[in-house]
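Just below sit the structures, each encoded as structure tokens.
What follows is subunit A paired twice: with subunit B in the first complex and subunit C in the second.
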Partner chain A sequence: MGAALREWLLRAADDELIIGHRHSEWTGFGPDIESDVALSSIAQEEIGHARLFYEMVCRVDGAGDPDRLAFGRPPGEFRHAVLVERPNADWGTSLLRLFLYEHFDRARLEVAAQSTYRPLADLAGALRREEKYHLLFGEAWVRRLGAATEESGERMRAALAAVWPDAMDLVEGTEADALLAQSGALPQTPEALRRAWTEGVAVVLAESRLPVPEVAPAAEGLRGRRGQHTVDLDALLGEMTSVRRLDPQARW
Partner chain B sequence: MRTTPLDLEEQIWQALREIEDPELPVAITDLGLVRDVRVEEGRVLVRLIPTYSACPAMRVIGDDIRRRLLALEGVREVSVEVTYDEPWTVARMTEEGRRRLTAHGLSVPRRGTWEEPVTCPFCGSTQTTLENLFGPTLCRAIYYCRACGNPIERFKPPLDSA
Partner chain C sequence: MSDHTHTEDPERLAEFEARVAAGEQVETGEWMPGEYRQEALRLIQMHANSEIMGAMPEREWIPRAPTLSRKMALTAKVQDEVGHAQLLYRVAETLGRSRVQMIADLIEGRSKFHNVFHYPAETWADVAVIQVFVDGAAMQTQGALRSSSYAPYARVMKRICYEEDFHIRLGLDVYRTLADGTPRQRAMLQDAITRWWVPLLHFFGMPDRVSPHTEKMLRWRLKVKSNEELRQQFLRKFVPIIQEAGFTVPDPALRWDEASQRYAYAEPDWEELKRVGRNQGPKSAERLALRQDYHRRHRWVREAVERWGLLAA
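For the complex of A and B:
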């Protein structure tokens, strides 16, 4: 059970760290000052949440260093969904990704709040109340860009077609999920999570005139939850860990 | 003079009341961040409830608590724990806390919902519009007051409903 729980916690931690890093790349480049502040703030919060999940991994392990988990692992040990490692592309694509991810995160935290592992249930209860702001922000932008003008709608439909196959990776499961569901540690299967997520995003997408594309799940066969990632992650980690690699013993 | 355990606990609370949040001019006790204090033979455990779990001020606050309490006679060891089993809500804030934040130019809500009108801390008007859900810290949003023409910050509680 410890190994399955660890796996689940790493997914959550890695998702939050990597999407947080991508959001932080908007700092200084947002389309207006408000958006710039918003993405910077969301980035700070996601990376902070990642830290709390890494600390919990260390607690399950009985030892370890959250910073090493964040900055000292090779790409194959990361368990985030491929969706979050993709480069930001344009603002619309980035916000669409944020929206898809936040809906998934909400569904995931709902389940985690019922975990029999008490520290996780408590933390998920807190995160749920904080993450609602991210979702509100993402939804507002998807609605705005989806229905604003012909051009913005077209670009958002193209963005949705581009990110949708990767988004399927969010709800991919592994053997760990069956174990966790069976034990009650996380009382939901990947199928049920996928349904909850799909239903959540479908309503907003439909209202934003963005029909869900018909794409086979994980079309490229990528499985972030199993440590299979793209070269985009290599580039991201190269930059994210560059300062730490200068002097791994430095104290901050 | 020998202090009894009760005296020490009161001294600890007094010290905590003098520690300010590094991002806001308000005592951590008035923000409702201190959940409880346990003292046993000179070993002190302070448990905190963060407004936002990712708040970077928590580490600074923990350091401040350790430094202040270790300076008290009779304190040998200080641990600070951040807990999540009880949520932080605006109800944890004292009236003094609300007063200090309002004087600092923050609009402070009564509940953790989105629907509550935002009152301008400068002129008291509720003719305010949202400029940004996100602000200079995780716990602040930006509004604009149409009555007095000032940009205002609103203390942004984690949402109980959305």
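For the complex of A and C:
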């Protein structure tokens, strides 16, 4: 049980850290100052949430520290979805990814809020309040860019086709899920989570004139939940840990 | 907008100058000399530009910040600078130029930004030096401008100084962590201090000549203290931070003169400052090109936002 819970917590922590990292790369380069500032706040909150989840992992382990989990693991130990490790392409793609991720995160936190593991239920309840605004931000941008001009619509449809196969990886499960569902620690299966997520995003996408592409679930090799990642993660972690690796024993 | 080459009505001008001399402030929409408006706009526009360009050296280190809390703090810090640009462009707009125009002026190289943002941030220690010393230098100027005669600018300056003070504290934490760290961390910090020294002296501008223009700027309180006064104020506060941590200021001529209560220092190469002022600094072209590139890449987003505004209206 402990191992399955740990795995679930790492997924959440890694998702939040890696998407927060990607969002933070926009700081200073948004399409206008107001959106720049808003996305930057979201980035900070995601990284903050990652730290809270890493702290919980340390509690389950009975040792360790969040920075070591974030900066000291090889790529194969990360459990985030491949979707969040992809480099930022254009603003539209980043905001579409944000929207798809936030819908999933909302569904996930709803389940976590019912967890029999009390610290997780409490944390999920608190995080849902912040995440609500992230979702509103993402939805507003998807609606706007999907339907505003012919060019923005075309670009967003192309973006959706590009990210959709990766997005399937969000709702992939592992053996841990069955254990957690049985025990009541996280009373939902990946299939139910996938349904909740798909239904959630489909409505907004349809209203934004962005038809859901027809693709098979998770293309071969996209198994972030099992620690199988792309070279994009190698590059991301290579950069993210570069200062710390100068002297991993030093205080920074 | 009135043209400053026009001769102002001497009575109105005298009345305006008397008000400013008495410590009163000017609000948007009140009468002001054309030249005052133009100078205030130039000053505030350059300040706004500097905030947005000032985000660039530090943002490069967000993806590499070495702990989770440093990553959050640095993102928040750069976000504050972007937010300051928003506040300042809004103040500049009250003087008659649109933000769209000012952004175009900036990225096409027609307006200026502060010298320090034309230099590279080469290592993580540069983040510490920028947050402590560059922000510390800016604090001297901005602190003085809290009593600027242009009221909207003075108000925004109060808020900005409050946030900058917090940045300096955060910066000091990064600085002290490196200063108390390994020999390698200390060497990195010394290297950054050495590279930033001249740009920091340059920050306050050339020693003021007593020109009629400078006199007028001081009389109108668009400038509150002289360049040298601000530079000395900075040196008094920040040289000890370098020396007390056992680091060296790269100027053998630097010494405290008890009699005049001033630091003596070797004159930096002022030609370098002039080159930087013409956007010919080490990073000027690259950073402006990067801004232009993003501006182009966001064209379709701006068009969509504008169109959406029309659709929603």
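Basically, the second predicted complex is superposed on the first by the 249 of 252 C-alpha atoms of A that agree within 3 Å, B and C clash if a C-alpha of one lies under 4 Å from a C-alpha of the other, contacts with A are read in each partner's own complex, and residues count from 1 in each chain.
Here is the rule we use: a contact is a pair of C-beta atoms (placed from the backbone, for glycine too) under 8 Å apart; a residue touches a chain by one contact, two chains touch by 3 or more.
All of these numbers come straight from a predicted model, not from anything done at the bench.
Visitor: With both complexes overlaid on chain A, does A:L145 touch subunit B (first), subunit C (second), both or neither?
Guide: second
Visitor: First (subunit B), second (subunit C), both or neither: which does A:D122 touch?
Guide: Touch partner of A:D122: subunit B, not subunit C.
Visitor: A:E214 in the overlay: touching subunit B, subunit C, both, or neither? Say first, second, both or neither.
Guide: In the superposed model, A:E214 contacts neither subunit B nor subunit C.
Visitor: After lining up the shared chain so the two structures overlap, which partner does A:E34 touch, if you call subunit B first and subunit C second: first, second, both or neither?
Guide: The answer is both, since A:E34 touches subunit B and subunit C.
Visitor: Touch check for A:W252: first (subunit B), second (subunit C), both, or neither?
Guide: A:W252: touches subunit C, not subunit B.
Visitor: With both complexes superposed on chain A, which partner does A:K132 reach: first (subunit B), second (subunit C), both or neither?
Guide: Touch partner of A:K132: subunit B, not subunit C.
Visitor: In the overlaid three-chain picture, which partner chain does A:G48 touch, first (subunit B) or second (subunit C), both, or neither?
Guide: It touches subunit B and subunit C both.
Visitor: Using the superposition on A, tell me which residues of subunit A are in contact with subunit B and, in the other complex, with subunit C.
Guide: Residues 34, 37, 40-41, 44, 47-48, 51 of subunit A touch both subunit B and subunit C.
Visitor: Can you name the residues of subunit A that touch subunit B in the complex?
Guide: 34, 37-38, 40-42, 44-49, 51-52, 118-119, 122-123, 125-127, 129-130, 132-133, 135-137
Visitor: Could you pull out which subunit C residues touch subunit A in their complex?
Guide: For this pair, the touching residues of subunit C are 52, 55-56, 59, 61-72, 75-76, 78-79, 81-83, 85-86, 89, 124, 177, 180-182, 184-185, 294, 297-298, 300-305, 307-308, 311.
Visitor: Please give the residue numbers of subunit A that touch subunit C in the complex, ascending.
Guide: 17, 21, 24-25, 27-29, 31-34, 36-37, 40-41, 43-44, 47-48, 50-51, 54, 66-67, 70-71, 90-92, 144-145, 147-149, 151-152, 155, 236, 239-240, 242-244, 246-247, 250-252
Visitor: Report the residues of subunit B in contact with subunit A in the complex, numbered from low to high.
Guide: Contact set of subunit B toward subunit A: 50, 52-56, 83-85, 87-88, 112, 114, 131-136, 138, 142, 156, 158-160, 162.
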